[in-house]
Amino acid sequence: MDLLPSDEELSIAQTVAELLHRELPRELLRERQNEQTSISAEAWSICAESGLLALGLAEGSGGVGFGLVEEALAFREIGRELAPGPFLSSVIGARLAAEAGDTELVRAIVSGDRQVGLILPRAGATFDGSVVTGEVELVDATGSDLLLLLRPDVSALFDRASFASALPWQSIDPGVRLEVATAVGVEPVLAVVDSAELWARAVVLSSAILTGISEACRDASTTHAKTREQFGRPIGVNQAIKHRCADMAMYSEAASAQLLYAAAAGDAESADFGYQASIARVVASRAAISNAEANIQVHGGMGYTYEHDAHLYVKRARVWANLIGSRTFHLSAVIDEIRVAA
Amino acid sequence: MVDLTFSREQNEFRDEVRTWLAENAPTRTRPHDYAEIREYDLSWQRTQYAGGWAGISWPVEFGGKGLSVIEQMIWYEEYGRAGLPGMDATFVGLNHAGPTLMSRASDEQKSKHLPPILRGEVIWCQGFSEPGSGSDLASLSTRAIIDGDDLVVNGQKIWTSFAHLADWQELLVRTDRTGGKHHGISWVICDIHSPGIEVRAIKTMDGEAEFAEVFYDDVRIPLANVVGELNQGWGVAMSTLAFERGTAFTASQVRLASLVEELVEIARTRTGPDGKRAAIADDEVARRLGMARAEVAALRAMTYVGISRSEKTGTPGSEGSIVKLYYTELHKQVAQLAMDLLGSDGLRFVSRWMNNGWTGEYLASFSLSIGGGTSEIQRNIIGERVLGLPR
Amino acid sequence: MDLLPSDEELSIAQTVAELLHRELPRELLRERQNEQTSISAEAWSICAESGLLALGLAEGSGGVGFGLVEEALAFREIGRELAPGPFLSSVIGARLAAEAGDTELVRAIVSGDRQVGLILPRAGATFDGSVVTGEVELVDATGSDLLLLLRPDVSALFDRASFASALPWQSIDPGVRLEVATAVGVEPVLAVVDSAELWARAVVLSSAILTGISEACRDASTTHAKTREQFGRPIGVNQAIKHRCADMAMYSEAASAQLLYAAAAGDAESADFGYQASIARVVASRAAISNAEANIQVHGGMGYTYEHDAHLYVKRARVWANLIGSRTFHLSAVIDEIRVAA
Amino acid sequence: MVDLTFSREQNEFRDEVRTWLAENAPTRTRPHDYAEIREYDLSWQRTQYAGGWAGISWPVEFGGKGLSVIEQMIWYEEYGRAGLPGMDATFVGLNHAGPTLMSRASDEQKSKHLPPILRGEVIWCQGFSEPGSGSDLASLSTRAIIDGDDLVVNGQKIWTSFAHLADWQELLVRTDRTGGKHHGISWVICDIHSPGIEVRAIKTMDGEAEFAEVFYDDVRIPLANVVGELNQGWGVAMSTLAFERGTAFTASQVRLASLVEELVEIARTRTGPDGKRAAIADDEVARRLGMARAEVAALRAMTYVGISRSEKTGTPGSEGSIVKLYYTELHKQVAQLAMDLLGSDGLRFVSRWMNNGWTGEYLASFSLSIGGGTSEIQRNIIGERVLGLPR
């Protein structure tokens, strides 16, 4: 038993962080906010070439062959750096293609040739495994060729062209593109049933993004508390600030520990993988939202300007808290086990 | 004596206000464009003035109606209930600069500046905060040197609401650096169009640009524009801040109450977290909404207590900080509840100027616990001035 | 409109406070904890003679003729002083007797000759207006002749002798006596239907007790924060303590303001009296529990000794938060109006 | 490398522990009477020692098994899962005084004092806190003057768990008042039965009397009983405090997890807040329980991280304060949730030594965020030592 990442594991994360920091600096979010896609084709290619989309895929499927732990550590950096782009849906999309045996599609996705956006079905929309019908939202699909619809029971990839009538809607997050579409019996390109493991992996990766956000906010608040002076002293001497930072550290520590636990449970193929993943998600959502909101307060007036980064974390946290299952969905995953078995 | 009933005169007053607002309030939606806002807000103020409704609790000698804070509160309640837009641009003049001038300015200053505020001719903005000062307002460093009959001002202010629409600014400058930080500050009337002033809009996280930075480069302000004594501006400023905590945000509270009712409506019609029943059928959602409803009711009761205290003692007292803190935190909670209720609809940005502008409302709510004294500062004030805890 | 108590109103409260402070000092709670009754017969008589049980009753019914506002201010002192004894059930019991026209019984109760304890029916117990059946708890009924069962639809007084088989059970609060009994078709002595107003008055008085508790805790914490020194300075200089006291003040202020609002709504016979009373109760319960719990933390080690008073507030707050309707009951009163009408 | 699986040896160790505990753990309920507790806890320690299970991670040279913190944690996990009572009375000796002696005492002191702890012959208590010191531990004023070969001690200690059952006390006294407050403190081994010592039980809000005050009136302690250097006791004490934040409260966490499962059971069988359905059918109740379950899972993960860190670096580090704070606040929340769930059953006092002792559990939970460093002190430590914020 070891829940402390090794130097090798940390160096993978470090490499990803440096790549994202270099290719997708946070200023880009504001600069590109009126562009059609949240990430440029060039940056996407560079990230794909680095192997970022193939980290957790088996070498036999054209991947790098790391585990979910490494993938989660990489996605934590995506969260921390607020990197834009459909990374999660592309990574899971490639895995779905691999499970379906479509090696050509796997290659196209992980090489960056084909991007995969996310389908978020609205209440009332249905997908029976063969066709999807009803209102859906498309998340970061403006540069995508494919769309991923993910559910524990059945998941599928659709052709973006089947949703050609989608209309853009301003997202709260300048780094996320949103569209609204109505599907009438749209058939997928590929579908797999019993996709609980695929789902749980996506849950873990979303938890990783949220954990990264919470850590970035903890660090930003701590730095500000050390440097910003009021009444002649750094504001971090005040317990109102110091204790808030301490609580942020506590939420992040819980999120990070449970993230590693859940990812390791995935790699160990534990029977409780999905359960641990939902717990990771619940704890990470709380950490991300709570820390991102607190981070604005710690920064005072500067914290709610558009020029400062603080609001970007709040927005990204709110976005991810609603993708790949909501808080109530994941609490139900814990509750229902309570309600049914002891 | 504790009594909820309003007097016959007050009830008649309320009826009159309601009738007048129904007949005279602007029907056109408040514009989103800031240049148009100036004209909209001033025009609406002129209508109020013409109707005899401007300055309910302003003394008659300054053109007001000379009524009590209860009538003033009734006005704000009815104003809020009528769903009228916030009087944001005229707020500082009516509730902040105006009252300060009344209590501290010279007769000449009063007669020059007070009437145009009520008549809807001018917009005032504030010039207190600085990038380096923040919560430590008294550490301000924008400095003014006496040169003949003028002050020459150099420095920078920040978080000035509507500076780009304003005519006048209530400006705090440092005129003496030799004493303690609360000494040597002067409160001056600044013509915002003076040469050497540059106003830059600040875009906030909700995409709006209500705030601005103001830069001063050798700006000349006549010494005659100093209100109160030179170097005694801190006391003048503090008298204004206390005013902020009176009836002035009754309208915001009424608006918050109606936001809660809007949320109830959403919870009735929108599918809840289980994807099947209406959200209101969910026990947790229902109780959170119930609690929010209870809290806005308690907030109204607290405001009534504060106004009763103002009636009796002439000032809302430091207890006003309790109401500010409670309102602020409650408003933020309501906005967070809305985000939880919206679920994935919370990904869509909708400006709070629009119908169902909940995401905009949420993003705007962050400013509440920072502007006008952070919640931390309010808790310090409550701890030290209300409870008497040591500094 | 005036929500600031007048000097006359305050002096009534002050008189009550002095009476309770003198006759029922808090040390008595520990000293009498093994006595059969929480309050001595003598102390009960003295309180009754002072008019405490008849404040809000009309003069024609043998009362003092004050309104609910004065009664609430008096009960706030009962809460603040942690006075033991079945004050609320006796006051409401007398009012029920007055409504039923039994002036002799009213006199007997308000004079202190007959005490009224409270019946707390457990889940599954029924009362159809004519007989009560099932498990019930008796609260502070060990010195009582009568028992009050209070509900918005129907309320009644029972003969204590009908519950002779009741067995004592240790209460969490040394100032409250608890018994458990099983009723099989027990008939009341007196019953009134449509007792919503009686219920709402009891809700307001329980809110007053809870508000008083919250204020006593705010004051105790503030005093401790000013006098207790750590690291060479009063602990109140630390924001962790100062801001907690500020929050206590905020909760109390909300509870107190809404208490006055609800009581005044009762005196004005407003249509929303019951609704405002439930709101007062929700806000007061939160204030009492939150402040009482925080008060222990502010007091540190001393705060959780039995000798210190801090725990007594926690216990009393938890007791009253469950009498005359629970948090969920009262939130439902607010929710149901939401669910049904706007 | 992040990996959840235990080694084959560790799994075998776990199996052995489980089997041994099932066969050897006391079947008699832990007595409630404190005089009997001494015998019960010591007898159980002797059984463990005889079975070869005492001091899992104590070095072999001191009679321990010399295994890693992982095996120590496995022991505590199995111990907690077996539903065995807390080892409260032997705790200080095994997890606090013992480890301090190991790292700082002389060979003579070690050989005299360590073996009896493992063998279940003696009970140790702590003597750090004083009425005047509280969170400011270093301000302690119990003083010791050198007189010949003895220290003569006068003063008072408080919050000493099980002082009335103990043989030995790890005592902090002030031996020099000329330096700063962290200087001049000495850590001494005190025979609690020495003449001049009076122990008075402190009754706590839950009706228990686990704590005591200890009074010292010209108590003579041989100078040979000073551990480490004279006047250097602060450093010795700090090494002990860090130890508290290691594996030692794994068993408490496991117990907390089983408390949550008990609550789930109650929610399944008990009528909920609507008086009709089972409590678990209430969305708010179910989600609060779900969240509590999630939090205890995260707590276990945090403990695993801490133990992995200890394995690698030899110390749990200041991050231990994060686990302490999280555990403490969570345990209090669970107890509050229980009170909300119980509804009017929460009026009945039931000792936490009994079945369904939730009211007792709730009342006892208040001590968690005060004892062993208040939550405020933990937040200071996290802020300053983990995050590096200024003091």
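Observations, loosely collected:
The first chain written gets the first letter, and so on, giving A, B, C and D; residue counts start at 1 in each chain.
Rule of thumb we're sticking to: a residue touches a chain if its C-beta (ideal position, glycine included) is under 8 Å from a C-beta of that chain, and two chains touch if they have at least 3 such contacts.
None of these values were measured; they are calculated from a predicted model.
With every chain reduced to the mean of its CA atoms, the largest distance from subunit B is reached by D. Ranking A-B and A-D by contacting C-beta pairs places A-D first. Once the centre of each chain is set as its mean CA position, subunit B and subunit C turn out to be 39 Å apart. Subunit B and subunit D have centres, each the mean of its CA atoms, that are 52 Å apart. Chain contacts: subunit B has residues 287, 376, 379 touching two or more partner chains. Taken residue by residue, subunit C touches two or more other chains at 238-241, 243, 328, 332, whereas all remaining positions touch fewer.
Residue ranges of subunit D in contact with subunit B, taken from their complex: 282-285, 287. Subunit C meets subunit B in the complex at residues 1-6, 8-9, 69, 218, 222, 225-226, 233-234, 236-237, 239, 241-243, 245-247, 249-250, 253-258, 260-261, 263-265, 267-268, 270, 276, 278-279, 282-283, 328, 331-332, 334-335, 338-339, 342. By the touch criterion stated above, subunit A contacts subunit C in their complex at residues 238-240, 243. If you check the complex, the residues on subunit A that touch subunit B are 120, 122-124, 137, 139, 169-173, 176, 178, 228, 230-232, 238, 240-241, 293, 296-297, 300-301, 303-307, 310-311, 314-315, 318-319, 322-323, 326-329, 332. Listed in rising order, the residues of subunit B touching subunit A in the complex are 129, 133-136, 139, 158-159, 202-205, 207, 271, 273-275, 336, 339-340, 343-344, 346-349, 359, 363, 366-367, 369-371, 374-376, 379.
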